[in-house]
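The letters A, B, C and D name the chains in turn, as written, and every chain counts its residues from 1.
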Amino acid sequence: MKIVDLMLKIDRRIIYLILAIVVILPLIIPSAQHVRVMAPVQKLYTAVDTIHPDKALMIDFDYDPQTQPELEPMALAILRHAFKKKIKILGLSLYVQPLGLAKAALDQVTGEINALAKTNSDSVIYGRDYVFLGWQPPPIVPILGMGESITNVYKKDFYGNQTDTLPLMKQIKNYNNVELLISISSGDPPLWWVSYAQNRFGLRVGVGCTAVSASDYYPYLQTGQFSGLMVGMKGAAEYEELVEKDLNIHKRRKASEALPSLTYAHLVMIVFIIIGNIGYFIKRRQK
Amino acid sequence: MNFSLDPWVWISALLSLAIFSFLYKDNPFYKFAEHIFVGAANGYAVTFYWHNILVPSLFDPLFRQGKLLYIISLIIGVLYFTRFIPKISWLVRIPIGITIGYYTGASIPAGIQANIIKQIQGTILTKENFLSWHAGNMGIVWSLILFLGVLCTLSYFYFSREHKGVLKITSRIGIVFIMIGFGAAFGYTVMARVSLLIGRLQFLLGPWLGIIK
Amino acid sequence: MQRTFPLILCFIFGILGIIPFIVPHPVVQHTDEFLRNDLLRILAAFALVLGLGSLLRVHFDKIQHRRENWQYSWVLLITFFLTSIIGLFGGVAGTGPLPTRIGNFSFDIQTIYLNVEVPLGATMFALLSFFMASAAYRSFRARSTEATLLLLAAFIVMIGILPLGNQISPHLPSFAQWIMDVPNVAGKRGIAFGIALGSLATALKILLGIERSWLGGGE
Amino acid sequence: MIFTIFLIAIAPPGPIRAYDTPDDGGGSVIIEWQLSPDDAILDGYEIYRSENGQDFEKVGFIGKSRNSIDDQTQDYKRYYYKVAALKDTIREFSDVSTPVMSSPQWIDRSKVNIFVALFILGSIILYFISQARKGRELYIRKISGLQAVDEAVGRATEMGKPILYCPGIGYIEQIATIASLNILGEVAKKTAQYNTKLINPHYDPIVYTVAREIIKESYTKVGRPDAFDPENVYFVTDSQFAYAAALDGIMLRERPATNFLIGTFYAESLILAETGASTGAIQISGTDSLAQLPFLVTACDYTLIGEELYAASAYISREPLLMGAIKGEDWGKLIIGGILIIASIVGLLTNLPVLSLFR
């Protein structure tokens, strides 16, 4: 029975080749896969959507080159959502490494909006609509300090301006003026934001995290300490879906474009497992 | 197809391809990248240990601030090198003994708290734990399954009696829970690893080759 | 003497490792801090130097005797010395005496880390996806009921966490999540108890000098 | 005439209490107060401290609807506290607290339950170890994975191929590393007898020094000190993936007939196991790294799961001390099982705070 031997003896490199093709093709020919939005992401989207006009959204960018593929699409989707709804944004990072990626995300989205903006009011102006605070070590100092006064902690912003001269900072003094903080990170920062900023100042915390670190965060979603949770590329794709459907913003949906690759990769693995088992059982019955 | 002009993007892209070439077979490119990796990794470790540990925690306090207490750390540290001198090579056991002693000691209470007491707390059948599932009265069913699963898995690791009679049944149920857990963990990690592969390919196709914007 | 003294040291430092867990008094906490940051971290640094000595010796020896793949030992040694020099004299963030920039091409240790270590490490992780595929194909056999369960649980979770799972049936994602929350946790917790007890037993044997393998051979 | 807008009067916070933070290293005081009736519209509460009861300075601020905060203090110094309800610029002060002094404690009572467990489990384990030392016969059931070890060494000898023993990337103080070194000692005795090449690459410098001694001792114990080749035991690197890549290189070049992957592993475990399997080698793994067990179980011929690894090092060496420890651990499992059942019964039938025993 030659077929059985063939089934059992597929060369490893053929499997690798098929897996590579199945992952690369959908990336080159992007077709954003539509996604059903689940409760954790819907909760986060609503939390951002219902931010009071005179309150701000604070975003903690804490991803590095290794977690960028899963977490950057989340940052871009949230920024597009918030700027479209004219929500004021304060950006910061708890570590030095993510600063470059945070600045890139802010520049990209503000660039997109200002390219289309005609009048002054519908464009996004630094200092008026958003401020990038930068980095203050050690992480506990800003997390606790901003409960009382943000400008005391960040005397200068990322670009070196005096923060108390920026118009937005006159309106946003401390956590009382911040309706929601979203921490986009795969490490401990989300847990610090809850145990310090939420416990002491009642700050609402939303989280975007990588798939690997999701299991540590689900309990916090169940207890209500997190006001929403995006997990891995699938979570990012769900938020992208909402941004496109509700706000009809049509921009590159990097996470949604990666989902087909993810789906086909899983299917390829499952198919090969099944082939291996069929061959194994036929062989066993022959003996 | 506008290629990147940044030399570092080229270096990291080529190194990535060299590692990927291992999928085909062990080849000179892979060996080259492998040895670069080992060399750079140890070079980085030397820098890190020198700038972040040896200078600030030993040489500065000892030589610049003259705190003689740090002589002890220096002497014990140097004892590591006695390993190369046959007659007194037993002295290497002093720094090893100190290191093993301290970390083993510190692991005892931490291990008991995290792996025994906390886990017992999460398994006991109480109203509070029933509610922690936030699944209404299904929570009772989940808590029961969890409770039985833990007891049966424990019985699988019982070494004092042959797995016969009751113990045979409970340990079989135990291994069932273990295997389901391993399967779920395997499935979940597949997604995490494929996401990383997609991330690496997005770097090669995007910033490097400029195929995807 | 050559065996008992290190064993006594191990016992004493073992106690020094346990006490700070229950005694919050600053006297104890400060000595614990000194032990951890100033003594033990420095010993780890010296141990690394020792290990490096062995690594360099192996590769020098490989080059000397023209052993198989000796050319790559040159690659390793050159890379090691280059990164060490750049790192040691260039400073952690390119602030040292050695200039680490030619025109706008900077090669300080941090840039090297971001463009050599990170991509190589990330690619290694990416390799795992391929290895998982071939390992699963080759060894994921439904040989026994347990193996079949492992297989089924993996399939349910692999499909359940994808949008595809949702299209198949809206209950699949929650069932996959249930497998992660109940049977997975039960199995892991049972194993964790065993490991914790084993660790406790081994730790006590080490501290009380019963387990002496770390002493190694010799009198 | 300054036109005064009718300012909203806010009620001050209720009675205030300040006391030394219990179970801590000193230097901290806890201040508690009753929320002001107007709590809902407040910006928050300001905390004021004074050393003489007259002149106060602000030391803290906390959001509304919170009624306690801790403050860093100098030990054995007397402090007075008062709390102000804050709304824009209006402050309404509570009355001054009685004086308080912070001091360190010698015992953290919340950790006592851990040391009770340590005492119970520790004494049982040590009892069985002392029994074993007195030569009492102890029984441990067969561990199916261990027959595989003998077959695997035998297979390598017949084929005249080397054996690769990877001790994992754990440190010397990690229990799985010590168990792995025990098994390494036994495998080394076998390779000494059959004169099979034993390759032992290392990730950690200390583990490397210890393993070298153990193998040398095993070779001398079997009367073959000359057969020990120090070239085969070496340190590779202390970087996770560089180590995995280097071992893959060894597996493909030296083509060992048997790979032992025993010890602590992280994400690199699959790279090792998969490459080893592709060379057709028999693979025996053993680890207590929960996250890696799924991959090792699928890719290896036999895997020692968690405590099986510890029991295996006892069973293979027949060492009475190791056997004693396993018996003690078994009793520990009986105790844990007992506690789970009893605590559940108590927890369900009565409403005693059973869980608080295990905080």
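As a working rule, a contact is a pair of C-beta atoms (placed from the backbone, for glycine too) under 8 Å apart; a residue touches a chain by one contact, two chains touch by 3 or more.
Note that the structure is predicted; figures quoted are calculated from it, not measured.
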Chain-chain pair with the highest tally of contacting C-beta pairs: B-C
By mean Cα position, the chain sitting nearest the middle: B
Where chain B and chain D are represented by their mean Cα positions, the distance between them in whole Å: 11
Separation of chain A from chain B, taking each centre as the mean of its C-alpha atoms, in whole Å: 25
Euclidean distance of C-alpha centroids - chain B vs chain C, Å: 4
Of all residues in chain C, the ones touching two or more other chains: 21-22, 47-48, 50, 52, 55, 69, 114, 117-118, 120-122, 124-125, 127-130, 132, 134, 136, 138, 140, 150-151, 155, 158, 161-162, 180-181, 188, 191-195, 197, 199-200, 203-204, 206, 214-216, 218
Of all residues in chain B, the ones touching two or more other chains: 19, 22-23, 31, 34, 37-38, 41-42, 45, 83, 96, 99-100, 103-104, 107-109, 112, 116, 123, 150-151, 154, 157, 178, 182-183, 185-186, 188-191, 194, 196-197, 199, 201
Shared interface positions of chain D, touching two or more other chains: 111, 114-115, 118, 121, 172, 175, 206, 209-210, 236-239, 241-242, 245, 249, 253, 278, 293-295, 297-298, 305-307, 311, 326, 329, 333, 336
Contact footprint of chain A on chain C as seen in their complex: 114, 118, 121-122, 129-130, 132-134, 136-138, 140-142, 151, 155, 158-159, 161-164, 166-167, 173, 180-181
Residue ranges of chain A touching chain D (in the complex, touch as defined): 12, 147-148, 175-176, 200-202
Chain A to chain C touching residues, read off their complex: 10, 12, 15-16, 19-20, 33-36, 38, 65-66, 211, 215, 218, 234, 237, 259, 262-263, 265-270, 272-273, 275-277, 280-281
Contact footprint of chain B on chain A as seen in their complex: 13, 16, 23-24, 27-28, 30, 66, 68-70, 210-212, 215, 222, 232-233, 252, 254, 258, 261-262, 265-266, 269
Residue ranges of chain B in contact with chain C within the complex: 7-9, 11-13, 15-16, 19-20, 22-23, 31-54, 57-58, 61, 70, 72-74, 76-78, 80-81, 83, 89-90, 93-112, 115-116, 119, 122-123, 133, 142, 145-146, 148-154, 156-157, 174-191, 193-194, 196-197, 199-201, 203
